[in-house]
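Dropping the structures in below, format is structure tokens.
Both complexes shown next keep chain A, but they swap its partner, so chain B is in the first and chain C is in the second.
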Partner chain A sequence: MNPEGLRPDRRAELLLGALVCGVLLFVLALVVFVFREAWPSFAHNGLGWFGSGGNPDQQIEKIFTSGNLLQDPVYDFHAWPIIWGTFLITVVAVILSFVASLFVSVFVVEFAPEWIRRLLEPVIRLLASVPSVIFGLLGVLILVPFIGNHVITDGNRESVAYVVSLSGYSLLAGVLILTLMIAPLMVAVFVDGLRSVPRGWLEGSLGLGINRWRTFWKIGVRTARPALVAGTVLATARAIGEVVMLAMVTGGVAFAPNPADGLLFFVEPTRPLAATILQTAEELTSPPMRQTIFAMAAILLFSAMMLSIAGWAVKQPMKRYGVRS
Partner chain B sequence: MSTTVAEAPTPAPPPARRSARDSSASWRLSDRLGLAFAWFLGLGFLVVTAGIVLYMMVQGLRYITPELMFTSPAAGFSESETGGFLDPLLGTVIVAAMALGIAFPVGLGVAVWLSEYARPTWLARVAESTVEMLAGSPSIVFALFGVLLFEQGGMGFLSRTNDGVVLGRSFFAASAMLSLIALPLIVANVREGLQAIPGHVREASYAVGKTKIATTRRVLLPAARPSVVTGAMLGLGRIIGDTAIIVLLLGATLRFAPAGDIPLIGALKGTGSTLTTFVYANAPTGEANQPTKAFAAGFVLLTMVLVLNFAVDVAVRRGRKWK
Partner chain C sequence: MSTLEGDLMKAKSTSLVGALVVLAALALAPAAANAATLFGSGSSAMVPYLESLEKGYKKVNPKFKIVYTANNGNAGAKDVQDGKSQFALQTRPPLPSDSGLSYSKLFLDGLCVAVNPGNNVNGLSIQQVKDIYLGTVTQWSGVGSSVGSPISAFGRFSTAGLYTFFQSAVLGGATQATNVTALDKDGEVAVAVKNNKAGIGYVGLANSKPGQSGVKRLKLNGQPCQASAIRTLKYPLSRYGWVVLPAKKPNKTATKFADWVRTSYAAGKIIDKAGAVPAFNAKKPPKKPKKKNKKK
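Showing the complex of A and B:
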């Protein structure tokens, strides 16, 4: 090859490499600036930021007004109810969705008749791409009134009337819709993983006289574990970051649902981190409030990064026997 | 545990391949319950999705009128005064075009580099995990970073400015940040398409004297077109479905509020809204609270998503299977 022929190729490689570096620098800047902007809020509160104490909504209001009146900025913020709400919604939705998705993907890959499979696959893709406002709208107009009118009784309302008012906007509504939203993401990844289980492994088990269900469950699902982890991580990330739907259906008060209330705590309102950011977004003009909002964003970003790393770490030992990541 | 009751009615419809060995009638009860549960959930999925789509379609068709789509929103007290959603509809189109205009070339470039060059290796690994992290990051964080970025004095030319204070909310700002949520999808799909092309195709191209970049442009990318289209369409779907970034970075004003006098640039520098924020504002929890209009706008939004999905299906079906 003559050097003239190589030159445009080299140039293209450098150009594309520069583009990649640009994207990397942009993401690095994103992380650095979000954390830098968030720092004052963490610095003032220390670990108390994550603790409980007082009502976050009142604290937010104080922080906001202190910034606007040019007084000494107030940073006092204890986000426990918000973090607890985020945690509850995410964990319950991911667990429910994991179980459902696993069964659905096993069904799609191995047990569904051809015509159902042909129908189900595009339907799952479709469900994954329905915008979250639409889920929110349906939740607000159908699920929330249903919970408010039929699940919650007047007796329930009175029993917690002095702490919080129950209206149907609740943890339960958020969890149910979120489960429906993240399940298609999980199913898509699970199905890919289950499909790539070598046929011979399954046939070996079938040849030993083990029935199809048990074979698929013991060999197929176990082999596809890296895909299960990957799908779960993806869906959890989406669940943590879900904003609009949760802002619409969970009630919009920073209340920590109390497990001591028994089953009733599922219908208590709450508000997760991302939804809190959305609802306080108009208060970005006040410097201390802005730093508090960025602190919440920093927590979200940090969890997303940790999740990514945790998923990678969990997959490592599985890779030896698994089919693919 | 050996409850092998042969004459009990099958709890689930029989699986696809029927033979004496495959029939679930002889299985343990726990296995049969599991299978029945899988059937139940699989069909449940179908029913729920069909329910959601049909409900939105029915409600949407009930409330949508042509005037609604071609009049601008207005402030008012009754439903007849508040106009339609022409501006949000155009806003969605503008934002989608601009964001994809940024995300597509960048995503294509990153994917080509990751798949075809990827040297040095450490940089490739860093880039790979960064893109993966972007895919997992909440869009609200991007939105907040966008606020930070576009309020800088130097970014004043991209949004409205009042006495040197930069507003930082404009179509430019929103599109730039929306492109970030489409980027990982485009990169992942294009890369997958490129990697599915076997090595001998590249070697054949090198053998007739083509350079690597020429091979990529003339041979590999055309061959991977279905994946490229899929990535772009999925990215587009995410862009038009996003609300958080629009609320924070587009200002979510009902009508276009152009900044400056230059016709097109002024509008893009100004604020506006999209269908998603229109639905959000018109839901019972929003400021406007007119569910009928929310349904009509949601119907249009869902139709767009359905069309995109159909496009993906066509692209996937056209996809070539390499041997």
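Showing the complex of A and C:
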């Protein structure tokens, strides 16, 4: 233990290198562990795991009791309603939030008077760090009763009463609050990206007599595209992984909202993957249930990985004229 | 906590490694720690009761201390099996997977069915509640209420102890219908029913207190959801809270504490105040409370 020949900076290098390797190994071990635990559930159901069929809540119950009563393990699980719910909530919220965030950040960077900008930026950064459970509480106490009492009519309730109960706990509540939650994150990244567009490029365009709006849209936003992608990926990752708030406001039923119901579709309840894991986590004591829970976790992990890779791939062709972010 | 900090203080003077060793030793061997400290885990619904009971037992044994992890009943039972906990609290009767454990009843708890105070219905039969939660009745007019809109039923996830109890006592083992909105916590069900004029939900005693909770408890099969009917087991949704101990060589402090909770007059009063219903506790104060408690 006497590093005779090593200078202090060399030692630091080795230490940091070891730490990085440790983190990499940890991530690898995590992925391997999750997929290994999840395997029996996938192996038993095959591609049917992702398909529809039956009520996932009933299936979860059967899986759980089979383990607890020491019977033969049951693995039948068809997660389509849960996957569909996750997909819907994430995609709709990300689209809404992207459009809103883009306009907000263009306004903040280019058009806002100095005092508004100085006020807005810290507020947005603060918003981005509000814990999601606070949003969940606001949702349960304000938004959900509002949707239940003022948006949904008795006639609506009547029409689907035998299938689901429209009580305000809904896709809509989840999407709206999630949009509010991820938008500040997007705005923060977008603003940084837009601000790093070289001043000269914009001034050149302005000097040619092109108006501010068009200049900013064609030069600023275009150049900042890698930052837009980065912000979107970051926000999508948060949306996929959001747990507590969605568990509180989306209604907690493994039901696939049906687009054929028209606008009612948005006020139907559902339950995303992460919330399902949260709610079934106390059934970890039953071995087949544990494997099913890990299977859901594996899907989440896989989506997150794919998201990062897709974000990276989309950014590649934009890099040529874009700003780094 | 004080002993832990003391150990840490000492350890600080020696080295970081020393502190880690002490911490690891403490974490790995809870049983070896101070004999008056109990390590428990299990049902989260029992936490409020346990907290007040722990406070009350300090009068009997001033050194007594509980470290309780609310990881829910099933996990708690597993912890006792694995020797990680010295006792667990549970809200369901024993299952075949509970080998090597001994269950004993502590006190009674009730599950209320509650509606919005604006609803004119005062009581339902178990069959009517079952019809509502299985989705066969969806109109309030179907169960004799004048509320014009369809029923908004609220319940819990299949993982909640209250759900399991409701399922076996009301639904006859069937799964609640998809048109029941499943919420995460007992209190959330109460809030949802309070905010929804057509709402109905099953809520524990503590969260459906008349006046402060904003919901109206219903009579079931003509029996009100209150202590008097639960104590006699006439109310159909009465249930026991259980303490789970290892069948072989249970911790002595834990058995003493459980006996005190079960039988003493003082514990009965605490249970009553905390919102549950004492079942086996002495009705009258003992003449010399300290001695009698020690015997038991």
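Convention: the second predicted complex is superposed on the first by the 318 of 325 C-alpha atoms of A that agree within 3 Å, B and C clash if a C-alpha of one lies under 4 Å from a C-alpha of the other, contacts with A are read in each partner's own complex, and residues count from 1 in each chain.
Rule of thumb we're sticking to: a residue touches a chain if its C-beta (ideal position, glycine included) is under 8 Å from a C-beta of that chain, and two chains touch if they have at least 3 such contacts.
Keep in mind the model is a prediction, meaning the values are calculated, not measured.
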Touched partner set for A:Leu171, first chain B, second chain C, both or neither: neither
Which of chain B and chain C A:Phe64 touches, first, second, both or neither: second
Which superposed partner A:Ile182 touches (first chain B, second chain C, both, neither): neither
Touching partner for A:Val94 - first (chain B), second (chain C), both, neither: neither
Which superposed partner A:Asn211 touches (first chain B, second chain C, both, neither): first
Chain B versus chain C as contact partner of A:Gly252, first or second or both or neither: both
First, second, both or neither for A:Val23, with chain B first and chain C second: first
Which superposed partner A:Leu127 touches (first chain B, second chain C, both, neither): first
Which of chain B and chain C A:Leu138 touches, first, second, both or neither: first
Touching both chain B and chain C, residues of chain A: 140-141, 247-248, 252, 278, 281, 284
For the chain B and chain A complex, residues of the former touching the latter: 15-16, 22, 24, 26-28, 31-32, 34-35, 37-39, 41-43, 45-46, 48-50, 52-53, 55-56, 106, 109-110, 112-114, 117, 119, 123, 126-127, 129-142, 144-145, 147-149, 183, 209, 211-214, 234, 237-238, 240-244, 247-248, 276, 279-280, 283-285, 291, 294-295, 298, 301-302, 305-306, 308-309, 312-313
Chain A to chain C touching residues, read off their complex: 55, 57-58, 60-61, 64, 67-70, 140-141, 144-145, 148-149, 154, 157-158, 160-169, 247-248, 251-255, 269, 278-286
Footprint of chain B on chain A - complex, ascending: 1, 5-6, 8-9, 12-13, 15-17, 19-21, 23-24, 27, 30, 33-34, 37, 100, 103-104, 106-108, 111-114, 116, 119-120, 122-127, 129-134, 136-138, 140-142, 180, 183, 211-214, 217, 233-234, 237-238, 240-244, 247-249, 252, 274, 277-278, 281, 284, 293-294, 297, 300-301, 304-305, 307-308, 312
Chain C residues touching chain A - in the complex, by the definition given at the top: 71-72, 74-75, 77-78, 95-97, 135, 138-139, 148-154, 157-159, 175, 178-184, 188, 191-192, 195-199
